[in-house]
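The following pair of complexes shares a single chain, chain A, combined with chain B in the former and chain C in the latter.
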Partner chain A sequence: MLLKFGLGILMSLAIIIGFLYPPPLPGQDWAEASRIFYYHVPMALVSFLAFAHSMALSVQYLRKRSAISDHRAALAAELGLVFCFMAMVTGSIFAKVAWGTFWNWDPRETSILVLLVIYGAYFALRNAVPHAERRAAFSAVYSIMAFVTVPFFGFIVPRIYESLHPENTLVSEGQINLGGYVAVVFLMSLVSFASIYSWLFNIANRAIGLEQRRLEESYVDRLA
Partner chain B sequence: MSDLVRKVLSLAAKDVRCELRTRYALNALLMFAVVTLVVIGLTAGQGEHSSHMHASLIWIVILFSLMQALSGGFVKEEESGTADTLRVYAEPRVVYLGKLLLGLALAWALLIVLVPLYMILMDLDVNSISQFLLCLLLGSTGIAASTTLIAAIVSRASIKGALFAVLSFPLLLPVLLSAIFATEVVLRGGEWNDMWPYVKILIAYPIIVVTVSYMLFDYVWEG
Partner chain C sequence: MRVRWIIGGVIVLSAAIWAFSSFNTSLTAYVSFAEAKERDNRVQIIGKVTHDDVRYDTDSLLLVFDMLNDEGDMITVVYAGSMPGNFDQATKVVCKGQYRDGRFQADELLLKCPSKYEGES
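The block that comes next holds the complex of A and B.
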């Protein structure tokens, strides 16, 4: 309860400070727009975290075969998909402001799109398999397979697309000086977003636990 | 070990024999490739195309044709009700490797028909035919190898065709992109050194995906 209010205050502070405190980036005409850095990058990082979490839960499902790990893996993937989508939308808005188009196949745009497609396919698969245990096993296997391919995108996508759009890559973000205020505000925002993820995960996880218990009880009732 | 090889080969031989008798996948695959190629030839056959355009077109035809056929190996077993018999008689790893060989055979059969036709219909000149064939062979091997496990998953889902393409796409993207760019280098008449990074991916990626699939196949097949 207390933690919830603490999180609310921390998040509000991170938003307010992000807009007011750090100096805008000098020497760019989109200097003020660079503040999106404090919201966009943490969301992207949290979505990677959520997908890694989902993969770990999938491995756990295949080892232990407990339905609850499968529900949790789907939940983590769902939350990751939300964060991933928000990161893509905010990034796209920034691209419009900084480079003039919403989408230009920049390596990072491409890789986040691929991530969205992977987890979109993950949910399409879940919807297409009616049998619960089979669905759990198949989606866990798919999640692991997809995770194995991700490092290749890190290697191959920049190699191909940087050569096509050298002027438009996010390298300019490397010029953002990660010192002093910037680092503090960024970390604050990152911690807030990560806490929001774990808070949401925790609520839905409790719902999963209750649902599971209800199912077991109704099963026991039917036996009696 | 040699026992495993013998079993895998006999399973693959059974599948190839069935395929040659019924033409379950082969006719659809080849006709799909020819039809797509004719559409491309009619709409874009005239005029000069850049090497990048040719590389993209030929790989799009190969990709979509293979998407029609590669799920067939498993789907056919489920539809004809022979999958359970196969579960009784063969170990999972034998089934996986056997179906992998069938997929490779289909992919190579497609190349034999498609590549000469494409070169004739689209008036394509290739400087180094051996490097061109190497790219095509490695790329289609990669496509067949990385979709075998997905085919096994899809064969037991309620919708099959669309789901196969959707699930395969992310796994195929590294193969497809490297294959297109390697082919582009060949068609442009580029150096082997420009091609080598892509060829490295085309060799490494299927090995990794097949290894992971081999480890995970039990969960899909017996589930």
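The block that comes next holds the complex of A and C.
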């Protein structure tokens, strides 16, 4: 309860300060639009975090073979997909303002789309296998394989190809590249989005637990 | 147990390398300057603007500048249209168009701008 209020206050502060202070990229015609940086980058980072979480839960499934880990892994991937999609949409809006076009098949745009398709295929796979245990095993292996591509498409591809997308915005040569209040607002926003992720995860996780208990109880009822 | 982890790791890694190498050429929409000179259709090129020789004719709305890419090639771009307001600050540009008569005739420019999120204005 307290955490939820804390999150509400933190997120509101991040939004208010983000809009009241001067834009993070001054000196451009479209400087005001650069405030989208506070939302675009944290969402992309949280989506990578969610994919890593899904991979960890998948490893847990393969070791313990408990259905609950499988459901949790799917949940993490689902939330990751939502954050990844939002990062792409905000990026596309930013691209319209900064580069002049919503979509130009820049390596940065192509790579995030490939990542979305890879995780979209995870759910296609889940829907295609009717047998619960086989579905869980297949999708656990798939989720681990999919996560191996995340560093490639998330971080490496946009850096080795020439791209319009800025790089080393956050860190360069081991130094934090954000100045003054920009770093503060960015961190507040990052913590907020990460908390929203864990909050959403917890709510849905509780539903998974209840569903699991209902299944077990109905099984016990049938035995009795 | 350990052998299984090693085998699993090798499979995962080789799958990643295979996936990456098969994507390699299709991940970028930009062609090299050499390729742009040979092709006779509309292509996109990307490179740095060399700001020391930018010519802009306000009457005919012709912008002429040189571009340098990572391979160290140079190309001269002619853009028919008004100079974008923040062209002076642009580090990298994408030009869409066609190579004709020794110059790249661009009909569309996309600009990359500085990415230093300083927070001071």
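In this section, the second predicted complex is superposed on the first by the 193 of 224 C-alpha atoms of A that agree within 3 Å, B and C clash if a C-alpha of one lies under 4 Å from a C-alpha of the other, contacts with A are read in each partner's own complex, and residues count from 1 in each chain.
Here is the rule we use: a residue touches a chain if its C-beta (ideal position, glycine included) is under 8 Å from a C-beta of that chain, and two chains touch if they have at least 3 such contacts.
Quick caveat: nothing in here was measured; it's all calculated off a predicted structure.
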item	value
Touched partner set for A:F37, first chain B, second chain C, both or neither	second
Which of chain B and chain C A:N104 touches, first, second, both or neither	second
Contacts of A:N202 with chain B and chain C, given as first, second, both or neither	neither
Touching partner for A:S66 - first (chain B), second (chain C), both, neither	neither
Touched partner set for A:S218, first chain B, second chain C, both or neither	neither
Partner chain in contact with A:V148 - chain B first, chain C second, else both or neither	both
Touch count on chain A, higher of chain B and chain C	C
Partner chain in contact with A:V114 - chain B first, chain C second, else both or neither	both
Chain A residues contacted in one complex by chain B, in the other by chain C	114, 144-145, 148-149, 152, 157
Residue ranges of chain B in contact with chain A within the complex	149-150, 153, 156-159, 163, 166-167, 169-171, 173-174, 177-178, 181, 197, 201, 205, 208-209, 212-213, 216, 219-220, 223
Residues of chain A defined as touching chain B within the complex	62, 114, 117-118, 120-121, 124-125, 128-130, 133-134, 137-138, 140-142, 144-146, 148-149, 152-153, 155-157, 159-160
Contacting residues of chain C [partner chain A, same complex]	12-13, 15-16, 19-20, 23, 27-30, 44, 46-47, 69-70, 84-86, 89, 92, 94, 108-121
Of all residues in chain A, those that touch chain C in their complex	21-29, 31, 34, 37, 98-101, 104-107, 110-111, 114, 144-145, 148-149, 152, 157, 161-169, 177-183, 186
